[in-house]
Structures are given as structure tokens and as C-alpha cells.
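Letters are used for the chains, namely A, B, C, D, E and F, taken in the order the chains are written, and counting of residues starts over at 1 for each.
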Amino acid sequence: MRVVTMGEMMIRFMPANNERFEQAVTYNAYYGGDESIVATTICRLGVPVEFVTKLPENIFGDIAKRKLMEQGVETSHIARGGKRLGLNFYENGASIRPSQVIYDRGNSAFAEADISDFDFDDIFSNACWFHTSGITPALSDNCTKIVLSAYKKAKEKGITTSIDLNYRRKLWSKEKAQACMKKIMPYIDVLIGNEEDIEIMLGLEAEGTNVESGILNVDGYKVVFKKLMEIYNLKMVATTLRESYSASDNGWSVLVYDGKKFCHSKKYELHLVDRGGGGASFSAGLIFACVNNYGIEKTTEFAAAVSALKQTIVGDFNLITYDEAISLMNGNTTGRVQR
Amino acid sequence: MRVVTMGEMMIRFMPANNERFEQAVTYNAYYGGDESIVATTICRLGVPVEFVTKLPENIFGDIAKRKLMEQGVETSHIARGGKRLGLNFYENGASIRPSQVIYDRGNSAFAEADISDFDFDDIFSNACWFHTSGITPALSDNCTKIVLSAYKKAKEKGITTSIDLNYRRKLWSKEKAQACMKKIMPYIDVLIGNEEDIEIMLGLEAEGTNVESGILNVDGYKVVFKKLMEIYNLKMVATTLRESYSASDNGWSVLVYDGKKFCHSKKYELHLVDRGGGGASFSAGLIFACVNNYGIEKTTEFAAAVSALKQTIVGDFNLITYDEAISLMNGNTTGRVQR
Amino acid sequence: MRVVTMGEMMIRFMPANNERFEQAVTYNAYYGGDESIVATTICRLGVPVEFVTKLPENIFGDIAKRKLMEQGVETSHIARGGKRLGLNFYENGASIRPSQVIYDRGNSAFAEADISDFDFDDIFSNACWFHTSGITPALSDNCTKIVLSAYKKAKEKGITTSIDLNYRRKLWSKEKAQACMKKIMPYIDVLIGNEEDIEIMLGLEAEGTNVESGILNVDGYKVVFKKLMEIYNLKMVATTLRESYSASDNGWSVLVYDGKKFCHSKKYELHLVDRGGGGASFSAGLIFACVNNYGIEKTTEFAAAVSALKQTIVGDFNLITYDEAISLMNGNTTGRVQR
Amino acid sequence: MRVVTMGEMMIRFMPANNERFEQAVTYNAYYGGDESIVATTICRLGVPVEFVTKLPENIFGDIAKRKLMEQGVETSHIARGGKRLGLNFYENGASIRPSQVIYDRGNSAFAEADISDFDFDDIFSNACWFHTSGITPALSDNCTKIVLSAYKKAKEKGITTSIDLNYRRKLWSKEKAQACMKKIMPYIDVLIGNEEDIEIMLGLEAEGTNVESGILNVDGYKVVFKKLMEIYNLKMVATTLRESYSASDNGWSVLVYDGKKFCHSKKYELHLVDRGGGGASFSAGLIFACVNNYGIEKTTEFAAAVSALKQTIVGDFNLITYDEAISLMNGNTTGRVQR
Amino acid sequence: MRVVTMGEMMIRFMPANNERFEQAVTYNAYYGGDESIVATTICRLGVPVEFVTKLPENIFGDIAKRKLMEQGVETSHIARGGKRLGLNFYENGASIRPSQVIYDRGNSAFAEADISDFDFDDIFSNACWFHTSGITPALSDNCTKIVLSAYKKAKEKGITTSIDLNYRRKLWSKEKAQACMKKIMPYIDVLIGNEEDIEIMLGLEAEGTNVESGILNVDGYKVVFKKLMEIYNLKMVATTLRESYSASDNGWSVLVYDGKKFCHSKKYELHLVDRGGGGASFSAGLIFACVNNYGIEKTTEFAAAVSALKQTIVGDFNLITYDEAISLMNGNTTGRVQR
Amino acid sequence: MRVVTMGEMMIRFMPANNERFEQAVTYNAYYGGDESIVATTICRLGVPVEFVTKLPENIFGDIAKRKLMEQGVETSHIARGGKRLGLNFYENGASIRPSQVIYDRGNSAFAEADISDFDFDDIFSNACWFHTSGITPALSDNCTKIVLSAYKKAKEKGITTSIDLNYRRKLWSKEKAQACMKKIMPYIDVLIGNEEDIEIMLGLEAEGTNVESGILNVDGYKVVFKKLMEIYNLKMVATTLRESYSASDNGWSVLVYDGKKFCHSKKYELHLVDRGGGGASFSAGLIFACVNNYGIEKTTEFAAAVSALKQTIVGDFNLITYDEAISLMNGNTTGRVQR
């Protein structure tokens, strides 16, 4: 039984040596994208995963596929064709200077994919879990249809479903997002999203948290999570809690609710190497833990550890082992040399 | 009095250290694009130049503009707006392995520019020469209109005009190219293009030259040039003559015809550092020489030297001085250290 | 109306990858120098600037000029000639290991410039502000004369003048510095300098601050600033307040006094990327704010933000935008990703 | 039906930027080893391949396996355990300065593997071809046994077998090599080896060729090939013909004999990027062509093209496509840009 | 009079740019090894040192020797021969992600050295101090004999001896270590080791300190140090006290006991560049101070400063000057630029 | 008995990746200078060498000394003091684009050294050979005196002397050079110089050779060499013969005359990595061969091989072994991998 995730892959070009775009001659290129991070992380932890996307019929599409193969992800349902691979340009911030992302993902192969590119009946055979993020339906109207169709088919087949809300204001409006989510939510078992996402995409206001300023209100989250659980009849609601002290240093913990208990993980004080992929790694840790029936406490701490570790690794993929996540979860946070 | 050139700027991402796309983590980024190379080269040689384009209102647009400013090019008529800056990905070949370019220039700011973005009346005040390449009208129907309008206005104002045919099969069909060129050619004074370009874009067949195989037929060129001169009432026809021995080593000479005399420059045996920009640098050398009334022999040799030198320099821009071009033209080809 | 700054440009060679001089094979080269940082920063923020210097007639002189052009700075009064461009070698420290600078600026083109190289009458036409630092007169007796002559001409023309004291013990003695400053101070409107500079160059002792140890005494500064204001009939006195916790982490705030009010900016906790150019960026922010009549509070906070941001950017020039400075000034210090 | 190859994987550490060991601080690391190059190349060309080896239970073993997965090679029969992954250090030569390899492969996981680590009955199910090189039995007495056992089982199952002699004097003596080959040769269908290998390992002397000096004697090869065919009842004998003009430039062709016809491929004049893997790529091209029943002429030219291309690519693996090999084979050797 | 140290040299390969092994293509190579760090550090501080080891007769052995010569270390008693130079692979951690070392030192030239390779009578002529670490006898039974023989000869000659316990569990068992130390301790004057080392190698249990968790118990150390002093009749016992907050940030102080007084140095808060060599640098600082009769307070603070500085420098060798150590010891910890 | 060489050391800054100065952000730094290359090369080949110079009392002076120590050169007579270490900036050419050197060596420690800095009586004890180049007296009047004094003392002591003329037009005029050489030549045993040097510095005209154009006239050289031998009563006259085909490819041979026989070495066709140090390496090879009494044929071929090899190695120092020189001399020019 395997996990299926679906989404767009992108190449991220990042100026080397912490330079600004304006001074960069040298860029490092990382293949990734939210759902492919989820896929590869779960696969590395030890559960089989299939990734579904559409890649262009060019060398960048080939490489993207090989990067998944390298991580052990199954790629047999990846469609090929279309114009281009989506790109983003990421300038790593430092201290008080924020990081910047410039997306250049318009007209990508996946954004222009057709529902006929994917045979979900076949894709979901032998699957136990399906996951994507709110970025995927936002890419295009076609993608909205594909995602909805996928969730419907997944529920039909009795597969557990999850979504990471991940609102991107440059991709769609609040109205469009809400209209879409209204159709998708009935098929969702596990919801992941911060207050901002929840407010914008599900219309549920919370209080006291200000994502911009780095102020967190865990109690406010609890109220919202309870409401979500009631409204949508979910199995689990979860969020990451990032405290942005600066572009270099963040606090990181996660909150998981299963309808019975709220688990707030230990907080990691992170000196960031690359914060990208933190959220996706949380989804991955959560899904892996659920598939392995870890129980809510262990699930929470495991997903926190998996996602904290990612942020110490440059690039999109979370190049850790199961053992490293367990070791961190068990309290080995002092960074002493492993000989 | 200044030269005006117009076209699209792009960022070229090239794997560092001669790696293939598939193994590259590190890319070098170069700002350029054909007509901006013409602009910056002429400006460096010593004639004022204005470059016309449309750049997006983001950091990449800003940087593109600064790169022109750094070279002394006037930028006051550059329009801003649109979606994105065009990109291309360039894998440098070696020996028997050819170089590869993957263009990703769709929906660029300039391709989607409107004729209202440019006030050619103002742009051409104080101008003595206008140049663009066949890539520019190929970008979009809008661009075709803009280019045609520019050439008309230029001729109206008595400005010398030139075009480098530069056929790109991925941008438009032979039919579309010919239809466009039919409208443009009446306004052209100086035509630059190889036999392949001339055959495809102007429908004039030559014999004996095979650009693919590296075989050149200078006599065939002469016949075609004479015909072009007659048909289009040109002042000058010119071409570069590249002999591709391998991706690393090329022969390089140029052929110029002014209706009276054919001048075939000396041939340079080049060990290539970066062949990109060779053609554009030839246009630049030719225009600079014409503006300075060099006479056809000196014009030919100067343009050959300027364009040969470019191919020993990595990146798009031709970072040479006037003195270096003159020194090479005068026979200093032994590469002895300049102390 | 434009700002004029004058000073020496240098190339800074810095070992790559935080290496010590002793292990460095690879160096990064940055063009800069105090007053050119002031010039480029003001220009980037949006006020026209002309930079005055003398550069050698070689490729390094050419590049230095292009670097200014890239930033939009006017360069038409730059003299050319002389022996060499000044250099400095900068080893970036880390944690408890201090950074080290080795200056190699003797016999530079600007240090050996003659007063006849500059026509200040022409330079100051259309100028509203003139700025240099105490490094400039210290370079040579000729430079002392040039600076004095410039300030005299500036006042003659009713231009606002500022100086950043910036004492460099390797360039001149306390006695020589005081003798020079005695002549210059009557022409100064805005004085920038820390207590050490003020004590050494103006002979005004303060108490409680120890620049070496990182201890600051803001009250002590206030007393000194009041005295300076009285003695020299200034419009403004200002200083940066650096708290050196280590070579990697500093506190940063600024203090501005306009004769009526002392404004102490918010303090930034900086994880340093490159502390070079912090002081010059403060001068730039201050001048830009004054030229735009920001009022003392906004001037203080704006100059603090501009100079704090610089220290998160590698290289000499402060590659920020006006919007970024405003955003930080308005409290966006958490370093969240800008999408 | 798939091809099986077996051998040791190694990490190659190569000083970056063409430096000598003595000056290198930076090394590039490439995973490879002869038979893994054969495996990955065949797999990239389009025939399924399984690679058999033993890798240590550490991160380097994990990575080696992932590198194979990235190329699509099946890895399910790779044993894990033992002390270490073999290493080699490779200093790239230039011009008259030869390249140098320092092997550090003693006590590697594969060299110390036991025959019980591999179940060849299972490994060869669904296999159509088995290949290894003379390096493999040379690694240890255990490896000799493993190789012999593999060839026996392969013949038992009616699988085509090939060996690339590849004599390594640091691994075993001429006597030991001959004793081993005497046992292996009866099971071999396709023999690959140059005259030096054939003389040392099979005791068959040829005349006129001097591998050291770069002099080739194709006629001498033909005589030897005929003898080999008779003695060992082979299906095919083949060799690469490298003419070493210098460490930077080589001539490259191949010679194949099927008992009826000698095919000497066209000769490529190579400007070398990385000559490593040329021989292994020849084996790969040959096996791929045989499996696809190309006929001897096409087999010869295809294998020549595949192996020539490798030498223009840095690293161990031959990162080409089937189309690129075909294009070169068909005469596209001028290195013109592929747009 | 000079100091003699003895031990194995290794090359450390470390992924560049803080990458994980799994993503690293580029590695930096540093020559070092514990006792060679002690040797080079003492030599740089100003006391003559001779280093004793065995290096292979290949280019890596040659380079290792040159690296010592570069630092001024005498190398005339280095034996040559054997199979290989020991290696280790070091992945630098970050934040909560620990660093990892993979040793690959088996069968090294020094591990397989014979007692006949070294003439300690000659080696110790003109020597005043002999030092090695517990790693050295652990390398092989031969090495155990060599070390024991060296200490005996040193005491015979009236030379002061020191050992840094440095237990490495991958090299030998607790039992083997204790058996060895029982023989060595009678010849030791100065003992360096943390509680874990002392407990495992000398069987003396302490309480309250947990090296793994970063908790220190200075009082516990004092009790143990007193016992050690009594049992082994030592002149001095010392240890470093590392508080591992994370892989990026550590507290660092040292504790020295001379039988009369316990000196606990000031604590440095380190932002780590490369923690490797911290312990060896402490030994070096201690030995240098003792040889120069600094007295226990100055000895303690000097050794603390020398070892703290190392951790701000990348690579194995402690590339500092005597003046820098003194400056830090005297309180210059603010990292202000040294102009 | 050891060889003594004397001269200035410099740091050479060279743009990385074959970039032009104008585009270089990254430079590689190499310590060297003509006579230090002679010293280190001879020392590496196996004859003890002492190098005499004056280095500044700063980190660059320290590093320069360590670089010599690393190569085994004796440094005990190096004076310390003065202002700065000389620099040069070297842009590596390519193909038809020549390399460029910008010297920045004015006011260097050695150029401003005083004759009292060196005790030649002591320096020449145990010396058998003294060598410098024509660059050394050209640095300053002081240096002229130092060099003359050194040669006088050397002859007094019966030491063999050599000079490599090496005319540098930026350092002194033809007149000044001739005046100096007139005083030095009576003390010279072995003269090294090309026709240009000989004509300018000794006033002896040759015919048919044009160093600029790469045309060589060996017969012309022979006539001149004979005259030199007669006039100056020399033991040996020698020159390198570089044929500059381009900045990337050169022919290289050498000519040696001992009064009896002219030996013209075999010619190497070099693909240049770094042509710097070719001449100095020739001097080194010649001196080493003479000291070892090789006889003129072997001396010629050995010196040719040593100097050809240098040009395949990046950096100033000739990082070869004696064995490599012998192997090349014996005809191993095919660049085959040394396993």
C-alpha cells in the first residue's frame, strides 16, 4: 500500500553564497515543489510513494523525473508534454533582510495539463493515502478540475485524503480559493493549514495570531481547529507554528488535533539553512506517522522533528533518514558530532 | 548622433564548469539577447547607443537595465511592465558534443509589448542608425507590428537601417517569416544574414553551402548577395562565415558586399570560449565601422575582428575595447602576453 | 538638483568562504570605498548623485567607473590618470575572531591627484549637497587641499555640506587630523562621527563610551553633540552606535541631533553578512532623508534602516531599494519570505 | 529481458579546476566504477539493466545505490555490508602532463564479498546478457570465485556473456590473471580487450602496436582477433583504439570482429573533457546494439559513437541519450548549437 | 629544546557549502589529524616542534609532509612506506542537525608502522616534551607498542610527557583501552581528558556530567581530577568543557588542575566555523604555556584562547598567531575590525 | 652545497574561470615571482636552495615565506620590513585574445630594500651557484646595487653565477638596463636570454627572429650566442624558444650553447594551462642539470622538459617531481593515464 501525492514540480534557482539577485552571477538549481517534497520525504522515511504530475518532454522534465527516481519515488503515472517546467527564483535573506521568491510558473506543463492526462482509477490502485496542497488547484482551472476529480475518486476508493491549504495570493483570489475549497473539503480527512490559510480559504476567522509579525496564539488555533473538525467532519487538523525572529533564526513547533486531544510539539530553535520545504516536510512526517499508526503524541513530535530537520538542509528535498528524525525527536538536539 | 537598437533581453543560464544540464547544480547567469549585444558592443567601441525594449517591473527587469547602464547604453526609452523576462538555458558543448539551447521566452514583457509602449518619433530624434534582428518580429504579432512601425519611422526620418535576419524556427514558420520580411525589406539599407536565413526568410536559394555540415561556398554567397542588392536596393549585404569543426574549434571569417566590391576578411581559427554573441558582434562592428565611414575593406576586417574576439569571452556581452579590436585586426593574433 | 560626494575608490579583495588570508586561494573582489558607497546608495534610493574622484587610466579605473554607471551615478567629473587604484584586503572574522583589513592604498591615483584635476565651480552647478569623509583629506597633502577647496566652494555656492569624520590612524596623526579639521569645520553643516573620531579629530572628550569594548554611553554622546553644535554652529550632528558582541553579531542603532531634539533609533540585532559600508550607508540615508525633508524622527529611523540593511549584504555597495528600507523602518524585521 | 552487469562501485575524487593533487583544496566527487558505467549507459539507451555489487551499510553505500536508481538501474540484488566503499583519486592531466590515478580500493565491501551474498539463479531470471570486466575477479580471491560462478550460471541459463579484459597490474600478476582467465574464457561469448590485455591475460602476442606510445596496428589486431575467435569459440571480439596524442587530445575508433567481418569504425578526433568511462561506454554500446540485433556495421559505429561522446562529459556516468548517439553516428560531428 | 608529538595524519574530506554527503559534488580537503594539529599549533606559537609519523610513499604522503613544513614543523624523523594515508569524511552539521564523521583509516601507513620505523633515542635528543593522544595506541597493536616504547624512552630521558585521552569507540574496546592505559599512565606527567574519556579509559567514574546532553558539572570534574592526581602522581590534569547548544553554537571553557589550584577559564560563546581541532589546540596551548612557564592561571586562559580561536577557522590546522591568542585572552572578544 | 637565488616575490591575482578583469568577481591568488620559481623548482628537483628577498612584516610576507618553506626552500636570510608585497594582476587570454598583466609592484619591500639588509658573505657560505634575473636590478637603484654587490661577492667566493636577462620595459629604459648590465656581465658565467633581451640589454643585434610575431630564427640565435660567448667569456648561453600560435597553444623548445656545441631540444606542442613560470623553470632545469653535471645534451633536454611541464600547471610554482621531468624527457608525451 502506498501514498500518492500530486502537484507541480519546479526548478528553484537560488543565488549562491547568500548573494542578492542583483549581484549573483552564480545560481544553484534545486528541483522540487511542495508535493514532490512530500513524496520524497515519505519515501525516504520508508513508505512507498507514487508522485503524479505532468512534466514537459524536454531535458528538464527528464531530470525532474530522475530526481524522483533517485529518491525511490514511483513515477509511472507522470504525464509528459506541454510547454515548460515551472521555475522560481529564490533569494535567501539574512538577519533582518527577508528572503524573496519570484515565481515564474505560468503556462507550465502541469498547469496546462488536462484531466485526461491522469487515470486516477489506476493511480489509486494499491494506494492508502492521497495528498496535495492548495497550490495545485490554484494553478489553473484545469488543475482545479483535476484535483477535485482526484479527491472524489480517492474517497470512492476509501483512501485517506489530506490537503495542505497553502494559500498563494499571486495564484488566485480569496473568492476563487473559497469557491474551490467548498467543493473539495467534503472529501478531506486531514486538514493542514495555518490561521491565515484557514481564514482566507475557508472563511474561518481566528484571533490573536499575526503570521506577518511572528506572533502566535496557540489558544486561538485550538478554537479554530475545533470548529473545523465540526464543520468538515475531519479526522485530523494540523498546522506548523513558525516564529520568525529573523530571516536567519526561527522558532518551530507544530500543533495537531484529532478531535480528542491537542498536541503541541516541543519547540525547536532553528538557525535556518534553508527554510523552504519545512511545511511540506511536516505534511510528510504527519502522513508517514498516520500510516504507521503512531498515535497523536508520537505523530506530532515525529512530524515536528522531520520538518525541523529539513530547515537545516539546503535545497528542496528533505535529505534525512528515519533514524535522524527519531534521534532528534528523542531529544538529541545538541548537535554533537556523530562519529 | 546615436545608434538605436531594439529587441528582447534575456537571462541565459549556463551550467558552470562545462557540465551537462543533467549534472548541473551550479549555473552562471548572463544578461543579454542579440540586439542588446549589438547595443553594448557599439557603445563600448565609442559610438553612443540607445536600446529599446520592454522589461518587467521586477528585479530582473531592473538588473537588465543596470547591465545596459554599466555599458554606457542609454535606457530612457525602455518600457516597463508585463509578465516576465525571457530566459534561455544554454549547455555548452565540447568537441563532438554540440551545445544546446532551450528557450523559455514565451509571454515575455517584450513579446507582449504594445505598439503604444514606444514613441519612435522621440526615440529616433538624434539617431543615425536603427538596427534589429529577425528574432524581434518573430516574437509575437505585436512585435511584428512594432518592428514594421519602427523601420517605417526610421526611413521617414532618413535614418540608416539594418537587419540581421537570424531565422529561429521555433519562433515562427517560413511562411510567416517571409510574409513579415516582405513588408520590412523595403525599409532596409543593410542586410545581414547567412544563406540559410536568406533562403528561408527571403526565398532566395543558394547552392553549395551547407550550414549544418560546416561547408561554405563563398562563391555561392556572392551570387546571392548580388541578387539581394538588386531586388531590395540595399547599400550593403553581409554575412558571417562560420566553419564548425567541432563544438570547441571553429573557423571564422566574414563577407561584406557594398554593390561594388566583395570583401572576404581574413579567417580566424578560434578555440571557442563562448560562441554566443558572435553574430551580434559582427552586426555591431559593421554598424560602428559604417557610422565611422571606414570603407569596405576596413569595415570588413574590423567587424571580423570584433566578432572573433567575442567568441573568446564568456557571457553575452562583448567585453572588448576598441584598441583590442584594432590590434587583432592589425594582425596581433599570437596571443602573446600584454605586459 | 543633485548630491555630490568625493573620495577614493578601492578594490576590496576578500578571501572567499570565510577563509583566513593564510588559507585563501580564492578571493572575491568588490569595488567600493566609503564615499562611493554614499554616492551609490543615495542614487539607488532615488536622488541624483555625482561622484568625484580620480581613477587610473587602466582597466581597473575603467571598471570602477562602470560600477558607478551601473548604479546610475553621474561620472562626468571623474579625473583619469596617476599610478594605481587603491586596494584593501579584508579578512572576514567570525565569532570571537575579529575581521582584519590590510590597506594598500599608497600612491593611488586619487591620493596623488592635483587640485587642478577638479573644477568645483562646474562640479557644484545644480548641486544641493556636498559630502566626503575624513578619510579623503587624510590621503595626502594634496587631498587635504582639494577637500578644503571643495568645501569652500560649496559654501560659496550655498550648498549644504556634510562630513563623516572616520578617523584612520594609519593615514595620519591626531595632530595632523586636528589641524586639518580646524580648517574644514567652519564650512560644515552636518557632522557625522563617533566619540573616538570626535575626541581625536576635534579634541572633544566624552565619557563612558568605549568603542573598543562595545560599551555605549548614549548620554555621554548627547553632551558631546550639544557642545559640537555650539562650537561649530552645525545643523545636525549624528553617529552610528555599534555594539560589537562578536564579529558575527552586532547591535546597531543611530543617534541624530538637530539642535532641538535627540533621536535615538530603534536598535537592530544584526547577524552580520558584511559589516563594511554600514557607516557610509548611514551617511547616505541621512543625506537622502534631509534632501527629502523627512523631519528628524523619520530621518533617524530611515538612516538606521538603510545602514542596518547594508550589513546583511556582501560587498561594498548597499544593493537595496527605497521600498526595502521603508519596509524595515516600518517594522518588518521578521525576515518572512516575500512572495 | 534485461542485461545484468556486476562489479565494484567507487567514488572518484578529482581535483577541481584541473589542479594537481598538490594544490587542490577542492575536489569533485563522482560515483562510478567500470561495470556500473556499463549498466547505467545501457539503461539510459533504453534496455533494462540490473546491477549486482556489494555496498557498505553506510551513507556512501546508500548514495551509490541512489545514483543507480537515478539512472533507472534495478538494484534489488545489491548486497549490503562490509567495511568501506572503494575510492580512487584522479588528477586530470593536460597537454603533455599525463593524468594520474591513485587507487584506494583495498578491503572494499565488494572485494570482501562472499559468494553467498549473491543468488545468481534469481539474479539471472529474465536476463538475456551478463557482463563484467577483468577488474572484478582481480579484486580478491572471493571475487574470482564469484565471477566464475556467475559466468557458469549464466551459461547454464543460456544467457549471452561478455567480458572486458581490462588488465590492472596493481590488482594482480600476469600469472594470476592468466590462471583465472583460463577458467573463465570457456563461458565467454563476447570478448573485449586491447592487445596489451590480450597478451597479458590470454598470453596471445601481437605485433606492431604499442599502447604506451599511441601507435596502433589494426592489421596486427586482426590477426589476434582471428586467433581468439578460433581458440575460444567466441561470437564476437572487439576493442577500442585510442591514439593518445596528448592528455588533452586523442583519436578514438573501435574495431569489431564477428568471425566474418572486421569493422573499423570512423575515427573521432576528441578534445577530451574526461576520458574516464570511454572503455566501459564502448562495452555498453556494443551490448545494447547486440541485444537490439543491429548488425555488425551499425553495432560498430553505434558503440564508437556512444563511447566517443562519453569522453566529452565530466564524471563517470555517460549522461547521453539514445538520440544523441544516433545523431553523432549519423555524422553530426560539427558541434553546431542545437536550438 | 623542542616539543615532539606523534600520531597519524589524515585527509579530511568535507562537503563544501555546508551540504550533506548525499548532495555533495564538491568536497574540500584538509590535511590534519589530532597530533599534527598539536604540532603545528605549538610551532606557530613559537616553540620548535618535531612531528613523528609514518606516511605512505605516494603523493598524499608527500603533501602531508609539505603541509607540516609549511607550518615550520621538523619532519626529519617521519618514516615513509605502507599502503595508504588515513581518511575521514566530515559532514558539517547545522543547528539541530549534528555533524557526522565517517572514518576510513584502516590499514594506514602509520597504523601498520613497525617499532623499527622510529629511533626514539634520536628523536628525543634535544626534546623537552613528548605528546600524543589516546587515538595513537588505539590504531593497532603495533601502535600500542610504539607509543609505550616512546613514553618509556621519553621518561628515561627526563622529558615531560602528556597524553590527551581522546577515546574513540570505533577503534578499540573499553577493555583494550584500559589495558593499554594501565601500561602508559606510569610514564605520564600531564593528563588531558574529559569525564567520559576518564571513565572509559581509566575506570574512574564521575557524576553529574553528561557529555551527550551538553550538561557540565565542574565540581564533579574537580573530584575526579584530585583522584587522578593522587593515583598517577601527575603534574597536571586538564580538560576542555564544551557545552553543545547546537551544531552551530557552543560554549567553551577549560579546566586545569596542578595539584594545588583549579583554574576554570573564562567561557567563550562560540559561533562555530569548524569545531574540529578544538581539543588538539587546547593541548597545544597548554604545552606551549607550560614550556614557557606561564603559571597556572595564564596557562589556563592562554590554552582556552588558543582552542577557542581554532573553532572559528575552517580546516584542521589552527592558523592563528601568538598575538591573536594573547589579544583574545586579554579580553578582545568583540570581533571589531583590526585595521 | 646549495643554490642561492634572489628576487622579488609577488602575489598574482588571476580572474577565475578564464574571465576578463571586467567580469571577474572571483580571483585566484598565487604567490610567486620569477626567482622564487627558480628556487622552488630546483629544490623540488632535489638540490638544496636558499632564497633571498625582503618581505613586509605583515601577513602577506608571512605567507610568502611559508610558501617557500612548503617547497623546502631555506628562508633564513630573508629580510623583513618595508611597505608592501608586490602584486600583479593576470588576465588569462584564450585563442586570439592575448593574456594581460598589470603590474602593481611599486614601493615593494624588496624594491625599497637596502644593501644592509643582506649579508652576502654569510648567504654564500656553502653555496655553489647564484642566480637572479634582469628584473631584480630593474626594481630600483638600491636593487641594482644589491645585485651588483651580490655578483661580486659570489665571484669572490668562486661561486658559479647565472642571470636570466628578462627585460621589462615598464621597469627601466634600454639605456639604464645597458648601463647596469655593463657592470654585471663581467661576473656572469651563464647567460639566459632571448634575442629581444640580448638586443635591448646587451646591445647585440640579431636577425630574422621576431618575438612578437612568433617567428624564430635558430641560426640567428647561434650567431649571437657565439658573439656573447666571446665578448663575455661565458660558460654557457641559453634561451627558450616560444612559438606563440595563440594564447592557448604554443610551441616550446630551448637552445643551449656551451662554447662547443649548440643543442636545440625537441619541440613540445603545448596546450597551455598557465604559461607563467616557463622561463624561470627553464633557468631552474638548467641550473639543476649543471649542478649535477648532466652534459650539454641531457642538460638541454632536461631543462626543456622541466619548463614545458610548468606550462601545464596553474599557478606560479612548478609543482612537478624529478621523475615526471625525466619521464617527459624520455619521450612519454602522449598523456596516457598513470595508474
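We take it that contacts are C-beta pairs under 8 Å (C-beta built on N, C-alpha and C of every residue); 3 or more make two chains touch, one makes a residue touch a chain.
Treat the numbers as computed from the prediction; the structure is a model and nothing was measured.
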Counterpart interface for C-E, drawn from B-F, E-F or A-B and sharing over half of its contact pairs: B-F
Interface numbering overlap (same over half, different under half) for subunit A and subunit E: different
Distance between the centres, which are taken as Cα means, of subunit E and subunit B, whole angstrom: 63
Centre-of-Cα separation between subunit C and subunit B, whole angstrom: 42
Residues of subunit A engaged with two or more neighbouring chains: 16, 22-23, 25, 66, 100
Subunit F residues touching subunit E - in the complex, by the definition given at the top: 66-67, 69-72
Interface residues, subunit C side, partner subunit F - complex: 13, 16, 21-22, 24-30, 58-60, 62-63, 66, 83-84, 87, 89, 100, 102, 104, 106-107
Contact footprint of subunit E on subunit A as seen in their complex: 16, 268-273, 308-309, 311-315, 319, 324, 328, 331-339
Complex contacts: residues of subunit C adjacent to subunit E: 17-20, 22-23, 93-101, 103, 168-170, 211-214, 244-249, 275
